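Next come two complexes built around subunit A: one with subunit B, the other with subunit C.
Let's turn to the complex of A and B:
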């Protein structure tokens, strides 16, 4: 067990090392963007600044897609697959370490965006909202954590779908890119159908309890919103199936 | 010349058995009905021109390629995760990560194999003159080939598969490396299947040879007996066969 964990850790570390330059570049871009917004904070509307500080989130979503493709692509293009597939480990070690590394990077980048947002937008805007008066710090932390977990789980689904599509495409010598795109589209379509089928069976799961902020003119109110967790749970189940299938393909069917 | 590729030698010490192996790619038949056995403690040369199926055969044995038909057994088991523990495979291409140093590469690979031998590693590092602190991206083709040799030869795996291990290495160093192979493996039960173009330099270490041509085994047998039978060196015979 300890040896298996050590081997997974070795693969995971390799994955982190392989993309660290790009991740640092993205992190630097986020910081530069927020410094730019900081310089404009005196002249621009606080609401606009707050909205713009969240823009790098789109970059993170894109990174989840790109990193997954890059991580698999490098193994084939750099002939590293000769080394990786020669290792006496199950396919899920390889796919899991790649997906986990991408998730860790996403988590780090999300926290960076959140911290930068808090710093850049800290001035009058949050004070005007008087968040502290309506919310306890624990409530606020709980809400932020729920949003982050939902965001990371959603991106883990994206990572798994893209990973499965990439591996499926690589099974073929020709048109592998085109096949990957079609497999991705098909996986999403089947996933939607799968969700419709399984959602009712997962309704017993507890709902997400989110507290949302509503602003009407200058009046700020906070309300509790219940969000069903069944769609996310069924999507995660579908992602798990594709993860197992992708890992199996890599271990048993992929050829060099 | 024995044209048969059906002959299967028998013996108690059989480590690898390949039965009627065929592999077809989209446009080419890489292997046709290849049957062979490798016994423990032997060094077998896998010889043939480009495209003769040497690399495909090694990849199938290493479990990186699925046969179209036929069977492979390594210590009685079909290629898979269990046989990967018993096979040390040196590919012809460079599979190393450019951002790792030689030491990081060795530590990475080492962590996956229980049969890693630190004494062998130190010995081969010295013979191959690999600088452990050197980043792979800064290495020449020859230096990368040496590092690949370290990764393969540092293991006590029962079966060693080497695909053009001397490719890119300068001629004066080749004999040293071949001597190292002989000294490291001559006393062990490890079997080596070595595919190479450098026949003249390597033929002295072969116990057995297999000649492949267009995916078929054209000749297979004891290296010394073949030399006697054809009154020619393996290199000479190879030139004759593929002329």
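Let's turn to the complex of A and C:
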């Protein structure tokens, strides 16, 4: 067990090393963007500044696609896939380490964006919104954590779908890119139908609870908005199936 | 046969199924019932209501009547559900309500419903109506809706807040404050001060006698027939129509296509990103616009437009005896003035040109400044 974990850790470290330069550039771009916004904070509207600080989130979503493709592509481009598959590890070690490395990078970049947003968006703006009066620090932390977890889980689904599509394409020597896109589209379409089938069976899972406040005259009412976790769970189940299938394809079927 | 050889026919088969499904050859329901799932994915409240309609539910209706004597304000705190309010000549507030609980099973819905009720709290001169339910809603309860039909004697101040549902108030005399989202909000034949905040659902205000403070976002808005002044804020509205206001209008627009017509008083407009078309304005016009095309037709009062990154077009009445003519002053940076009226134009700085001219006896001042856009002055009948 310990040996298996060590092997996974080594692969994971290799994956982190492989894309560290690009990740550094993305992180630097996020910081530069937020410094730029900070310099404009005296002139631009606080709402606009706050909205623009979230713009790098799109970059993170894009990175989840790109990193997944790059991590698989490098094995073929560098002509060392046979070395990886020659290791005494199962296919899911390889796919898992790649997916996990991308997820860790995404988590780090998301936290960077969140911290920069908190610094750049001026505190007075939040006070104007009366956020402090309505929500306790624990409420806010709980909500942010839930949103972050939902975001990361959603991107882990994206990573798995892209990974499966890339590996499927690599089964064929010709038109591998086209086949990957084809598989990706079909995976999403089948995933929606799969989700519809299994979503009712997963409704027993706890919902996401978001606290909302309403003030009408002096009437303050709190409400807990329930967001079902069943659709996300069924999508995760579909992603798990694709992950297992992709790992098997990599181990047994791909063209080296 | 290797897996690679099987994989391609599987892809082809799934593609045919997908194409048939998308093109309507195979209904989604024939494959799997995707309705609820997709609705949840997109989390649209209208989708949510459609989703809930498929859930087992239980409902209960009730009526209550509260004397209005001694009251000055009526407050309804709604959440999910339709609210219809009408004015009455009686002396009691008549409330018809229906509570509907959606759950995983009918039994769960009925049990939770038994713990829900409409509470009417008297606070000095105010009556508060609110749906009361247990503090912690169990996960198997999918939604709770409360629909109201209310008759209110004229003269009270009505304050309604709702999150999702159709809200309408008609034939009422008294102050009205409304807040609603995601469904249509309608105000018709009201006499009194109106305050509305509507988001993500269309708003219609017709025949209001009194002043209005209206804020709308992400929806269509139609405001027609206000005997009084109006303060209006629209953002991200595909279509925003404001017409037939006898008093002055103060409008703030963001990312909306705004059409203003038949305004009796002063128009003060601040517009960012969108377009503005105005006609039949009887009072002075003061416009500040950025990234927004402005078109005014047949101006008959003082016009002051400050714009940037957009085109400004102004219609001047051809017959000077009807208006007394215009005294025109324009300034453009990185643009040009195209005018049917002869103007004296000078370059006051690099890329900035000022033009002045008088049409008729010059009774009406027209001042237009534009940066990164043109100014068009047209003579119209």
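The definition used in the following text is that the second predicted complex is superposed on the first by the 242 of 256 C-alpha atoms of A that agree within 3 Å, B and C clash if a C-alpha of one lies under 4 Å from a C-alpha of the other, contacts with A are read in each partner's own complex, and residues count from 1 in each chain.
The criterion applied here is as follows: a contact is a pair of C-beta atoms (placed from the backbone, for glycine too) under 8 Å apart; a residue touches a chain by one contact, two chains touch by 3 or more.
The shown structure was predicted, so the numbers you read here are calculated from the model rather than taken from an experiment.
Asker: Based on the shared subunit A superposition, would you classify subunit B and subunit C as clashing or fitting together?
Answerer: With subunit A aligned, subunit B clears subunit C, so fit.
Asker: Which partner does A:186 reach: the first (subunit B), the second (subunit C), both, or neither?
Answerer: Only subunit C; A:186 stays clear of subunit B.
Asker: Would you sort A:174 into first (subunit B), second (subunit C), both or neither based on which partner it touches?
Answerer: The answer is first: A:174 touches subunit B but not subunit C.
Asker: Where does A:87 make contact in the superposed view: on subunit B (first), on subunit C (second), on both, or on neither?
Answerer: After superposing on A, A:87 lies in contact with subunit B but is clear of subunit C.
Asker: When the two structures are overlaid on chain A, which partner does A:14 contact: first (subunit B), second (subunit C), both, or neither?
Answerer: first
Asker: After lining up the shared chain so the two structures overlap, which partner does A:6 touch, if you call subunit B first and subunit C second: first, second, both or neither?
Answerer: So A:6 only meets subunit B here.
Asker: Looking at the overlay, what does A:58 touch: subunit B (first), subunit C (second), both, or neither?
Answerer: Neither: A:58 stays clear of subunit B and subunit C.
Asker: Report the partner of subunit A that touches more of its residues: subunit B or subunit C.
Answerer: C
Asker: Identify the partner contact of A:253: answer first if only subunit B is touched, second if only subunit C is, both if each is, neither if none is.
Answerer: both
Asker: Looking at the overlay, does A:79 come into contact with subunit B only (first), subunit C only (second), both, or neither?
Answerer: first
Asker: Once both structures are aligned on chain A, how many angstrom separate the closest C-alpha atoms of subunit B and subunit C?
Answerer: In the combined three-chain model, subunit B comes within 9 Å of subunit C at the C-alpha level.
Asker: Which residues of subunit A are in contact with subunit B in one complex and with subunit C in the other?
Answerer: On subunit A, the overlap between the subunit B and subunit C contacts is residues 253.
Asker: Considering the complex alone, what residue numbers of subunit B touch subunit A?
Answerer: Those residues of subunit B that touch subunit A are 25-26, 59, 62-66, 81-82, 84-85, 87, 89, 91, 93-100, 108-109, 111-113.
Asker: Going by the contact rule at the top, pick out the subunit C residues touching subunit A in the complex.
Answerer: Interface residues on subunit C, with respect to subunit A: 2-4, 7, 11, 14-15, 18, 21, 31-38, 40-41, 43, 75, 77, 79, 104, 128, 130, 136-137, 139-140, 159, 161, 179.
Asker: For subunit A, which residues are in contact with subunit C within the complex?
Answerer: Residues 168, 171-172, 179, 182-183, 185-186, 189-190, 192-193, 195-197, 199-200, 203-204, 206-207, 214, 216-217, 219, 221, 223-224, 226-228, 230-231, 234, 249, 252-253.
Asker: Show which residues of subunit A lie in contact with subunit B when the two form their complex.
Answerer: Contact set of subunit A toward subunit B: 6-7, 10, 14, 17-18, 78-90, 173-174, 251, 253, 255-256.
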